[in-house]
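To start, the structure itself, in structure tokens.
Naming follows writing order (A, B, C and D), and every chain is counted from residue 1.
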Amino acid sequence: MIVQTLDIGLAALVLTLAGWTVLAQATFPAVVSYVAYGLLLSLIWVRLFAVDVALTEAAIGGGVTGVLLIGASSKLRKAALSATEQELTPPLRWAIATLCVLATLALATVVLSLPDPSPTLAPEAVQNIAATGLGNPVTAVLIAYRAFDTMLEKCVLVLAVVGVWSLASDQYWGGAPGAPGAVTWDGALAFFAQLLPPLGILIGIRIFWIGADEPGGAFQGGAILAAMWMIIMMARLAEAPAIGERWMRIALAAGPIVFLGVGILGFVAGWGFLAYPAGFAKPLIIFVEIFMTLSIAATLPMLVAGPPIQAPRP
Amino acid sequence: MSAATLAGLTGALLAGLGLYGLIIQPDPLRRILAFNVLGSGIFLLFGIIARRGAVAGALADPVPQALVITGIVVAFAATALAVALLVRLSGETSRVDLRAELSGQTRGDGADD
Amino acid sequence: MTDFLLAAAVFILFTVAIGLVRILYGPYDADRAMAAQLFGSGGIATLLLVASATRAPGVEDVAMGLALLAAFASVAFVNTIATAEHDGVSGE
Amino acid sequence: MNFALNLLSVATISVGSVFFLAGTLGLLRFPDALSRLHTLTKADNVGLGLVVIGLLPLAHGVLGGLKLVVVWVLVQLSGATVAQLIAQSIRRNGPSA
């Protein structure tokens, strides 16, 4: 009974915040609504008992995306808003609204007519988990059963970084993103940014490590490590590194390359592309995941920092 | 109504709302936000399929969950790239209007996704 | 006990959610950031209560993740003001 | 013993809820930005702290309890920092910032 109140309340709140995000007059309220919306989504994921997803949403939706979007809204505030944009006529607006209502109804019909009992791959995932040496079926899906998806996802992240960097002006290529200097070591923010990372790094590594058996994993742990690097840069305790740095490039590419390398090793050694040998699966998986975690921790802050805006140092 | 069905209907509404914003909002940053709302609605649909597939030993089907985790990561990467494009465009032209630059060329507002 | 925990979760969630109207009506951006901040700690309290009531495993880690990142949106907000100041552009 | 612990949980969580209510009321009703900031960053810390104390007897073992305390410490730290930062920005730029 109370659980239902909670679920209905969560649904109403999440819809309200989504409505504000989409329809608010000004950009900043919309962005703040979206940040609060991300927090609510992770509550809903907990209610669906998808704790791995809730952890991902908490790290990405609330933290990293919030920083990205708030920064963007401030940078774009200075740009003249598109005043020339022609207003949509009311009939057109209604037509669009009708279309969207129809799309919603179609999806709702699908939800209400889902087969019962639902088809599920959970038994297979649970049955075969012993072969991977893992205890968390979600991690097993990500890193073993559907390793190809995860490998490509890491490639997408690297491509996104390349895409962001490619927006740099020619004179800044190889330089650092973000404003230079202004290192202030005092103040509340600097104190916070010195206190938080030790604890955050510990928690990030823990979430990565327990991901083998409990909710957590390479992405969630890496995202928390990434956030710690971001707070250090936001407090100006350290500047963003130049994109030409060799260690930077290696850190970004290490995850997909090691993953692919282990995959090809499997192909050569005869246990199959992106597969793991029986009995030695878990150590190999952990080995791959360590590099993936590092890559994610390097990638996310670079995506948020944007293209370089400083000339490279000679 | 079970929690899963309720979340599914919420997902459907979020998807519709996001789609509406994606079409009617003139400001590209708002379109990026709307696109993310649309995406999270779809993710919730995956979530209820996962929850309905619960069996002994797993509170939810791990396969859709893993797909959603991958999806969240890719959506973030796409958002970051779209934001970077937008900031660069505004830095270059001091405006965030896509149409003026594109008049006479192929109409393409696909920068949001 | 379960019912009490859930009732407390519902109460806290709705209470802090009312504060969210400051996001829409401001009047200042600082108020909007504050509303999100309050919603953050209320949401974490709700999460802990729900986790304890439904015995969903591993939720404490979600709460730790949220708590680690609780300040990020506000820090980004304050940073944008500092940057705007640095460029000689004040807020609205 | 169990009953007494449950009673403690109910009492602290209830009082914690009231602090969240106080923080929200302050955010909604107080006249200027600085007093709004004052109430909310204190009320939510105390509120969450009391909820955490109430949940401690129900925690899964020592590690579960430790995590709850860590959550509270982190929110405390975040709340204090954010209060400082927002207050500074208001003081420098006026509330419109």
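The working rule: a contact is a pair of C-beta atoms (placed from the backbone, for glycine too) under 8 Å apart; a residue touches a chain by one contact, two chains touch by 3 or more.
This is a predicted model, so every value here is computed, not measured.
Chemist: Following contacts chain by chain, what is the lowest number of steps it takes to reach subunit D starting at subunit B?
Modeler: 2
Chemist: Could you let me know which interface, A-D or C-D, is made of more C-beta pairs in contact?
Modeler: C-D
Chemist: What whole-Å value do you get for the distance between subunit A and subunit B if each is reduced to the mean of its CA atoms?
Modeler: The mean C-alpha positions of subunit A and subunit B differ by 13 Å.
Chemist: Suppose each chain is reduced to the average of its Cα coordinates; what separation in Å results between subunit B and subunit C?
Modeler: Taking the average C-alpha coordinate of subunit B and of subunit C, the gap between them is 22 Å.
Chemist: Roughly how far is subunit A from subunit D, centre to centre by C-alpha average, rounded to an integer in Å?
Modeler: Taking the mean C-alpha position of each chain, the two centres sit 27 Å apart.
Chemist: Can you pull out the residues of subunit C that are in contact with at least two other chains?
Modeler: Residues 29, 33, 35, 40, 56, 61, 64, 68, 71, 75, 77-78, 81, 92.
Chemist: Got the subunit B residues that touch at least 2 other chains?
Modeler: Correct list: 59.
Chemist: Send over the residues of subunit D in touch with two or more other chains.
Modeler: Where subunit D meets two or more other chains at a single residue, that happens at 70, 74, 77-78, 81, 85, 88.
Chemist: Pull out all the chain pairs that touch, please.
Modeler: A-B, A-C, A-D, C-D
Chemist: Touching subunit B in the complex: which residues of subunit A?
Modeler: 3-4, 7-8, 11, 14-15, 18-19, 21-23, 27, 30-31, 34, 37, 41, 44-45, 47-50, 52-53, 56-57, 60-61, 64-65, 68-69, 72-73, 75-76, 78-82, 84-85, 88, 93, 96-97, 99-101, 103-105, 107-108, 110-112, 114, 116, 118-123, 125-126, 137-138, 140-142, 145-146, 149-150, 153, 156-157, 159-160, 163-164, 167, 219, 300, 303-304, 306-307
Chemist: Which residues of subunit D touch subunit A once you look at their complex with the stated criterion?
Modeler: 70, 74, 77-78, 80-81, 84-85, 88
Chemist: Please name which positions on subunit A make contact with subunit D in the complex.
Modeler: Interface residues on subunit A, with respect to subunit D: 187-189, 191-192, 195-196, 199, 203.
Chemist: Can you list the subunit D residues touching subunit C in their complex?
Modeler: Counting only subunit D, the residues touching subunit C are 6, 9-10, 13-14, 16-17, 20-21, 23-24, 27-28, 33, 36-37, 40-41, 44-45, 47-48, 51-52, 55, 58-59, 64, 67-68, 70-72, 74-75, 77-79, 81-82, 85-86, 88-90, 92-93, 95-97.
Chemist: Applying the document's contact rule, which stretches of subunit C touch subunit D when the two form their complex?
Modeler: 1, 4-5, 8, 11-12, 15-16, 18-19, 21-22, 28-31, 33-35, 37-38, 40-42, 44-45, 48-49, 52, 60-61, 63-64, 67-68, 70-71, 74-75, 77-78, 81-82, 85, 90-92
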